[in-house]
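The structure appears below as structure tokens.
Just so it is clear, A, B, C, D, E and F label the chains in written order, and each chain counts residues from 1 on its own.
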Amino acid sequence: MDKTLILSTILALASFSSIAFAYDPRPLQDFCVADLISTVRINGLPCLDPATVKADDFFFSGLAQPGNTSNPAGAAVTPVGVSQIPGLNTLGLAIARLDYVEGGFFPPHYHPRGSEIHTVLEGSMEVGFVTSAPSFKFYSKVLEKGDVFVVPVGLVHYQRNVGAGKTVSIATFNSQNPGNSVIPNALFGSTPDIDSDYLAKSFALDKETVERLQALF
Amino acid sequence: MDKTLILSTILALASFSSIAFAYDPRPLQDFCVADLISTVRINGLPCLDPATVKADDFFFSGLAQPGNTSNPAGAAVTPVGVSQIPGLNTLGLAIARLDYVEGGFFPPHYHPRGSEIHTVLEGSMEVGFVTSAPSFKFYSKVLEKGDVFVVPVGLVHYQRNVGAGKTVSIATFNSQNPGNSVIPNALFGSTPDIDSDYLAKSFALDKETVERLQALF
Amino acid sequence: MDKTLILSTILALASFSSIAFAYDPRPLQDFCVADLISTVRINGLPCLDPATVKADDFFFSGLAQPGNTSNPAGAAVTPVGVSQIPGLNTLGLAIARLDYVEGGFFPPHYHPRGSEIHTVLEGSMEVGFVTSAPSFKFYSKVLEKGDVFVVPVGLVHYQRNVGAGKTVSIATFNSQNPGNSVIPNALFGSTPDIDSDYLAKSFALDKETVERLQALF
Amino acid sequence: MDKTLILSTILALASFSSIAFAYDPRPLQDFCVADLISTVRINGLPCLDPATVKADDFFFSGLAQPGNTSNPAGAAVTPVGVSQIPGLNTLGLAIARLDYVEGGFFPPHYHPRGSEIHTVLEGSMEVGFVTSAPSFKFYSKVLEKGDVFVVPVGLVHYQRNVGAGKTVSIATFNSQNPGNSVIPNALFGSTPDIDSDYLAKSFALDKETVERLQALF
Amino acid sequence: MDKTLILSTILALASFSSIAFAYDPRPLQDFCVADLISTVRINGLPCLDPATVKADDFFFSGLAQPGNTSNPAGAAVTPVGVSQIPGLNTLGLAIARLDYVEGGFFPPHYHPRGSEIHTVLEGSMEVGFVTSAPSFKFYSKVLEKGDVFVVPVGLVHYQRNVGAGKTVSIATFNSQNPGNSVIPNALFGSTPDIDSDYLAKSFALDKETVERLQALF
Amino acid sequence: MDKTLILSTILALASFSSIAFAYDPRPLQDFCVADLISTVRINGLPCLDPATVKADDFFFSGLAQPGNTSNPAGAAVTPVGVSQIPGLNTLGLAIARLDYVEGGFFPPHYHPRGSEIHTVLEGSMEVGFVTSAPSFKFYSKVLEKGDVFVVPVGLVHYQRNVGAGKTVSIATFNSQNPGNSVIPNALFGSTPDIDSDYLAKSFALDKETVERLQALF
């Protein structure tokens, strides 16, 4: 069951992370709509011929529907990045809809390439982040409907539903590809595994616990 | 009455533009919460002593309430930028809630320092943008609840409610201070006025019309 | 006649805007001379094999000749961007020669990707720009031969000949592709047209006037 | 004992993280030597009067001495950042000496603001990093004397001594302040604590284990 | 006499280099007019209160007058940077007028922070640049009136009048402070002197020649 | 013999400069390992298919071996850039090992695209740099084992062994391709030659000396 939870969490997060957004280098033309099937690989994505671009390249439909939260973490991400809107390429923006059942949560994670604004549309949500060494200060807040909270780029953070009933929020990033490093999965669910002796020592856990986690994630 | 409309539009937009967000230069520390009362003026804003920073510096409450649309344009902006959340300083993000009565609209405008994602929460909204010379191509789309559309940085665009009943949307920017150049106001409502002869020639209008607009905006 | 004026203005400006300059991302090698016929499309332009590059790739001849001002606006742009000097690719610079007959002018416009320095070589020229909301402050100056004025990136501005006889100036941009959003053309001359009802409401004009302008531009 | 280990690790890392290096925004003058006692706080650091700058402002002595590895993790960082060399301000570089006893290690961590090159001067060291969601791919390598390995910005990674005898390496960052988010400390050692129920659920650990870790770190 | 030449060259160049322009970090507001007398020192320059800014802050008069070429190099720079136009601060642009008597020249130099476009207004001028190691390729061109040539950022280059009569040109930079590293002066005219033995070995010159140059520059 | 010295110096430096590192534009994905054989040329380098990337793409072996200093300058560079580690592409970092025999030196040079940290591993080394016009201030320092010194981006500098016995140091750059403009070679060893009359005048040398240097370098 724990295993299911973890796998579900991975799946929920994976959908989010297949986004390939676009961050810092400023655009050098009005737009550079991503050519998602080009075999040329560059920093970011190559562009379509502008003559073929149409309004639908800047458009996505579907954030009115909740994501599939029928997984043990009870949370889902519906990403809207350059994979969903190729016109986002070079524009340095992405958003996502987040759904949480009662008690639903996202495990600790960080976005290496983007700051994030959380806006609660429905329900009640705790969000918190931790600064880097040496202070490791923890800032957190419970957000109600219409509340907004910003998480600085690259800091460990999490969100969880702390109210009765489901929660819906919008997440906004200043990158076409903020990335998502989900900490339990990066530590215990990598391919191949990180050596369990090392993880046990680093986290002051016994090796059996680490190996259980590795089997799980 | 027209005059009232224009003035109201300005007021609605002005509230938005008093935001002083933060765009491109990457942060050089975990955060740099804006010191909104410092007399030191720099590109962006100076920071508070990090020892005094608390969770509320990253927080804003109030997007659950509609803005005041009782103005002739029937539209309102509730901005959430660095003036509302000083923790946004150096993070390159801002958002806003937009409200439109039935038939409400924003006049043509552009944001010199940010791309913008529109997400409709309720109602029905047309959004369109025009590329720069020489093509002046117009891309537009009608968005329903849950639809998303991106406007590239620096291009002329507008939104208007084209449905029955009110519309609510969220606007997201990849800048702490995208700026808002509202075209009718910049042309006909500047302080002091631009010469009316010049404007008449540029827009193929008679001088009386230009002066009427200048009195209005 | 007005129609001719507008079309001529578009043509004059169009020639300028077909430039594809290069702005922000710093070069990662000594130079990256644009390959203007490559079918690979990226943010900016791909490069030629450096072994084939020659001095002429950094060179342009022709700014000694005035542009063709025999159009109703009496103004012309001779652009020198990456289309004219492929060696400008990635270097973040472009220039242009501007010619104005007596009374000649450029309509209100802005450059989404570059600040601009104006230097008058001959004659007398007014230049002005308007800040963004909420202040819409108008700064302007009459320049004589040898005078210099800078227009910040992304702000609405214009120039016009206010002296007796023709005016010649040099415009300089910190982008290989500043872009040019010519406001009358973006509003009334887009393809397809923006809805005339909307434009009429936004500019407090009657619909007939808007449709006349749309036919014109 | 475990507790000692963790505390020592924190101390070792903390010393490193008190560095305030300098990353992205390019310098706008030859140098901007940090004024480390200014009360003006900006993104980065304000500068000294250039007339008072001397060669020693660009200099640091002390990387010939090993750091103090007499801690349970058996590892130490000797940082050389803007706190040690104020002349690094705005230059986007920092380095550090890393010492490991036999079996010494650094726990999983990441640098939110810099890529890192590891160069082994003595001994034998394993280094590995994990990509972000959804692939969580683990890339690792054992480095011997004279070997070099790069860790991309913002990815979880670690190093440990896997040879007989001590290891010495040089770490290089393209930021004046890469930051160091040490994962066990950020999760279990923050101030205040993150809720142990949440951490237990996220890591599939029982609450007692989480609370033991929180007491430890 | 040689000494006079060198000193004059230094003076001519020095005037140019006292400019403190502004390059890469994008503006975070409409403008940030430099406060040239502030005691706060940052990367770039702090800003004036925008309420006190006037059109003259964006203006400079004086490029119609030739610079003083009565020096042995027969060349002069009239810079227009942020010292002359405080409104250039954060806008990433600067220009200059260059005057050359017949046979006048600028010694080899480079601009560490800006690419440069040369435009000849009068006369005839050779411009050339050399790429970095290992190719050291030399690209050069003779420019006549109205000709344009671009020198990529950071490469050694020079200009000289190769026609009959004087030459006037405009130089444009994509930085508020491109800087000017004049090679003979940097090598032989530094304060204090570089060791003459070292310079002799590096340039395959005898020590007497080096010391003569050091006395000269 | 002098000729041999110069040629050897060029060879030693050339090896360094064939590096194609990567500087400013931030990565838009976890990594973009350089495809060193692609025929697509862009600013920087195109990427390999991430599915084919392996740990060795981030790895280099060989800095334990001294470079070949059997040349008249008695100095050698062993570069580790994107040519050696394709995984460095887009990450903005490079390093190098520098070896000097007793009395060995590098001629005056600068890196147009990167600041540089010098760290002495063995021996004793003088390093110095000169600021740009008009001050041409010379900052220098003798470094012993474990000493560190930073040279700001784009300034003329040099290093030389001033101790008894050989010197070994590590150089670190915040660019994947800092470039190396070696001044004697750029001036006197370009292809084709710069006009010797011009060089003679610029450096206050007689033409015969210049032509001897041109034959030499």
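Of note:
The rule is short, and it goes like this: a residue touches a chain if its C-beta (ideal position, glycine included) is under 8 Å from a C-beta of that chain, and two chains touch if they have at least 3 such contacts.
Computed from a predicted structure; not experimentally measured.
Using the contact threshold fixed earlier, the set of chains in contact with both chain E and chain F is C, D. Under the contact definition, chain C and chain D share the contacting chains A, B, E, F. Separating the centre of chain A from that of chain C, both taken as means of CA atoms, is a distance of 41 Å.
Averaged Cα coordinates give chain A a centre that lies 24 Å from the centre of chain D.
Residues of chain D found to touch two or more other chains are 24-27, 30, 40, 42, 44, 112-113, 132, 140, 153, 155, 179.
The touch graph of the protein chains shown belongs to none of the named shapes. Under the contact rule defined at the top, the touching pairs of chains are A-B, A-C, A-D, A-F, B-C, B-D, B-E, C-E, C-F, D-E, D-F, E-F.
Considering their complex, residues 24, 26-27, 30-31, 53-56, 58-65, 80, 85, 87-88, 91-95, 115-117, 119, 121, 131-132, 139-141, 143-153, 155, 170, 172-174 of chain F touch chain D. By the touch criterion stated above, chain F contacts chain E in their complex at residues 2, 5-6, 10, 13-18, 105, 107-108, 110, 112-113, 128, 130, 132-138, 140, 153-156, 158, 160, 179-187, 189-194, 198-199, 201-205, 209, 212-213, 216-217.
Residues of chain A that touch chain C in their complex: 25-30, 32, 35, 40, 42, 44, 46-49, 90.
Interface residues of chain D, counted against chain B in their complex, comprise 20-25, 40-44, 112-113, 175-177, 179.
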